[in-house]
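Listed next: structures, encoded as structure tokens.
Each of the two complexes below includes chain A, the first together with chain B, the second together with chain C.
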Partner chain A sequence: MTGIKTAAGSVHLQEIGQGLWGQNPLLRLGLGICTALAVSGSFRDSCYVGLVVTLLLMASNTVFAIFGGKVPQKLGLVFKITIIASFITAADGIMKIYYADIHQNLGIYLPLVAVNGLAIASSDAMSQHGSVASAVCIGLGMGLGYSGALLSLAIIREVLGTGSLGDLPVLPIGFSRILAMLHPSGAFIALGLLLGLFSFLKQLLSPEQESKESQI
Partner chain B sequence: MREAETTNGIPPYIRAIRSTRQIMLMVLLALLPAVWTGYCHFGSEAMYHLAYTVVTAVSVECVCQLVLKRPVTILDGSAALTGLLLGMCLPPAAPFWIGPAGAVVAIVLVKQMYGGLGCNFVNPALTARALLHISWPTQMSAFVKPYEAIAAVTPLGVIADYDSTQAVPSMMQLFNGEIAGCIGETSAMALMIGGIVLIFLEVIDYRIPTGIMAAVFITASLYAGPGSSIGFSFNNGLIHLLSGGTMLAAFFMATDYVTSPITPKARWLYGVSIGVLTVIIRLWGAYPEGLTFAILLMNIVAPLMERLTFPRRFGEVR
Partner chain C sequence: MSSLSSISALFLSGILVSNFVFVRFLGVPDMIASSPKTRTAVGAGIILTLLMTLASAVTWLLYGHLQAISELISLEILTFIIIILTLVYMTRFILSRLNPVLHKEYVSYMPALSTNSIILGATLINARESTSFLQAIASGFAMGMGVLFAFIIFSSVQQRLIYTKPPRALEGLPIFLISAGLISLVFSGFDGLFQLFIPR
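Then we have the complex of A and B:
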């Protein structure tokens, strides 16, 4: 944020973009890996988890922006975790009622989002006295960044592991599907390759920024 | 250049007498008897597998090093050795692309991505084998009877399924390798010849293979069969020792310089742990062959074993 006065809209866009690219939770900050590894074997499950995480981050950031200033510093973390856990429990309950089959697939990994650093990091990304709008934008950006990374991981794993995406056949019938991609080992390999690719692309697009970051 | 002559380089300063290339060449030559028995038992199709895998491994290494702008070191033989070892643990009737696919995994994912020769933390050939097993279980168990192309079950498969209709082959057949199995794994005799030559040439350390074989033999002997009490079955121990990949892995895979520990005590510990784990996975695991997973697991633990057994300096208190 330099001295040049920018329109509020472009600031918000920048905040969203930060979560998508520079501060991507999964590929840049390494947050939410446990959930990502567990659910990315299925594209459909990943869609739901991405949606839930995005909504969660937006909702919890809104609450933090409104009430965050009134909570004593000492209780800050307790407050945040309570809010996040409440939202995720609500999301879990809603999914259990309306999307029972997907809830079955996700199992423990949806409630587990509450205890990984994803939501905390997203709340830390906003400034102390930021507006509600900017808090929502940061949450949206991080949520979309996480969903994007999760979905790309899921596409790689599901296409290579089953030869099709959902019901849509992608690879030719003669292709011998790589079962390992659906196993945890394949999840780690695919995530590692994706992380490497992301860092490579980032370095390729903005080499000077990268070197500055590594100096810090 | 001049600077390099006047200042000390990076330690250690004692040079080994043998170069990487010489060592790799010796190991490759030591594998030849096993390759030959593979040819005798499974015919020229088996040799195509080996050729595809070796050629893919070497060319992929070359491409990788060119892309990463590293010096091209395909002539040191390490990629060829990885390819040959991987090819030797393929079943003879596997589809032709399975070896090359494994070679790409071994060289690109396991070796070059971690920094090339000497930087990988697990054995490339074994990791590729494990991934092939997980990915294509049916293709990776396309075993045939020796001398004829009839589908067959390996002795370990027979033991794992407790299938009493299938006879476990005789000890002599196991020793000569006239059994269904992977291309280069069946003949315990040929592998032992190569391995013992390597031990006498001091290319590999006797501690690791001895530890593995002793542990496999003793652990397997103690287990007499499902439901029976603990006894001692000399026969069981010998079957586990001579079948599957025990010999190949004990002499040629577990002794990989990069991924095995260096202190003598740690080598004993490493060998014995592999042996015990192998039999446990074989008898109670989901896969009939447990050696791959046992060695990979111990590869990861090897640095800890080294730390545990590293000699103390005089007066040092831990």
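Then we have the complex of A and C:
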């Protein structure tokens, strides 16, 4: 009995790990780029967006796992977008009431999470007849992977741009700040370099697999 | 007269000062995925411009009604997305009847339009900032022109990138993002053009 349990547990762990590394939405699949670029200027905002995305993916995947089979194939996309938009509307409303300053900062970029393909990609990642638990694990993995990438981007930009992380000074006083990092151009360049670093690490860790993929 | 000058200011702001792609980050993936052929990029930009203008007009009218019933204002995201989906599918149908050749060229691009941050972003910005129907249409069109401009610039950059050989880790998406960053640096030079129109 315990053997079956641990086997199921390891499958779920694998699903979470897949979202964190192999199928990382931002670094590997290139999804959610516009939100990441716009929000990562501030570490605090990025934390909230990461939280919202993780919860959104888990919730929407749960709904798709329960009701997905009953929806006609033709209406699949419309059904998915409607569900995702409903969750985002809820998140937007909650943010508006309880975290008004952050809601003000995020502006239109929180609603845009609904259409940037993250949630649709994570729903495509789950198998047709998968259990609810595995759907939640895929959502959790992808959400954590996205949050991790977003937070590392935010740390790079905020530390280099302002010299401190939140209220905590990080860089020594003599260090000159790179103001461009806070501008749109800095966002593009920092994300490009981060993606480059990620694919460099990927090649370093598994060179054979990478060459196979590029052959295909 | 004043409305005329404000509309020309809208155009300058939409195309240069707060360019949709390079300053507001909307539609970056679409720009990167768009073809290096300038002709196809222009076609995609024109379709996007038309859809943005149309969606801005429809959603601005609807937003006024939602505002009148104050409890429904929080439903803007859901209603806007459904309206955009309807418009995209309608355009697809009309295009297939009017010009089957053009339709065949863009049929693979069309589904991506419905889950597109450009159109939703334009409608959300318009609903928040525009004060009149005319302004909503003009600003939707101006933002669309900004997207078209960005697509044309980036397609030429992509043509150049074909002949370069970046380090292997930077191939593909990373080098596109870095070149987009350099173009965006140019656009940040327009920042002081209009003190009034700096985003946020």
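Here is the rule we use: the second predicted complex is superposed on the first by the 210 of 216 C-alpha atoms of A that agree within 3 Å, B and C clash if a C-alpha of one lies under 4 Å from a C-alpha of the other, contacts with A are read in each partner's own complex, and residues count from 1 in each chain.
Note that contacts are C-beta pairs under 8 Å (C-beta built on N, C-alpha and C of every residue); 3 or more make two chains touch, one makes a residue touch a chain.
Computed from a predicted structure; not experimentally measured.
In the superposition on chain A, A:Phe200 makes contact with chain C only, not with chain B. Judged by the touch definition given at the top, the superposed model places A:Leu191 against chain C, while chain B stays out of reach. Looking at the shared chain after the overlay, A:Ala154 reaches neither chain B nor chain C. In the superposition on chain A, contact of A:Ile102 is made with neither chain B nor chain C. Between chain B and chain C, the partner in contact with more residues of chain A is C.
By the document's definition of touching, neither partner reaches A:Val53: not chain B, not chain C. Legend: residue contacts after superposition of the two complexes on their common chain; A:Leu179 is shown touching chain B, with no touch to chain C. In the superposition on chain A, the residues of chain A contacting both chain B and chain C are 180, 183, 185-186, 189, 196. Across the complex, chain B is touched by residues 176, 178-181, 183, 185-186, 189, 196 of chain A.
Listed in rising order, the residues of chain C touching chain A in the complex are 22-29, 32, 74-78, 81-82, 85, 111, 114-117, 120-121, 124-125, 128, 167-171, 173-178, 180-182, 184-185, 187-188, 200.
Every residue of chain B that touches chain A in the complex is listed here, in rising order: 95, 109, 113, 131, 134-137, 139. Partner chain C is touched in their complex by these residues of chain A: 30-31, 33-34, 37-38, 77-78, 81-82, 85-86, 88-89, 92-93, 96, 107-108, 111-112, 114-117, 120, 180, 183-189, 191-193, 195-197, 199-200, 203.
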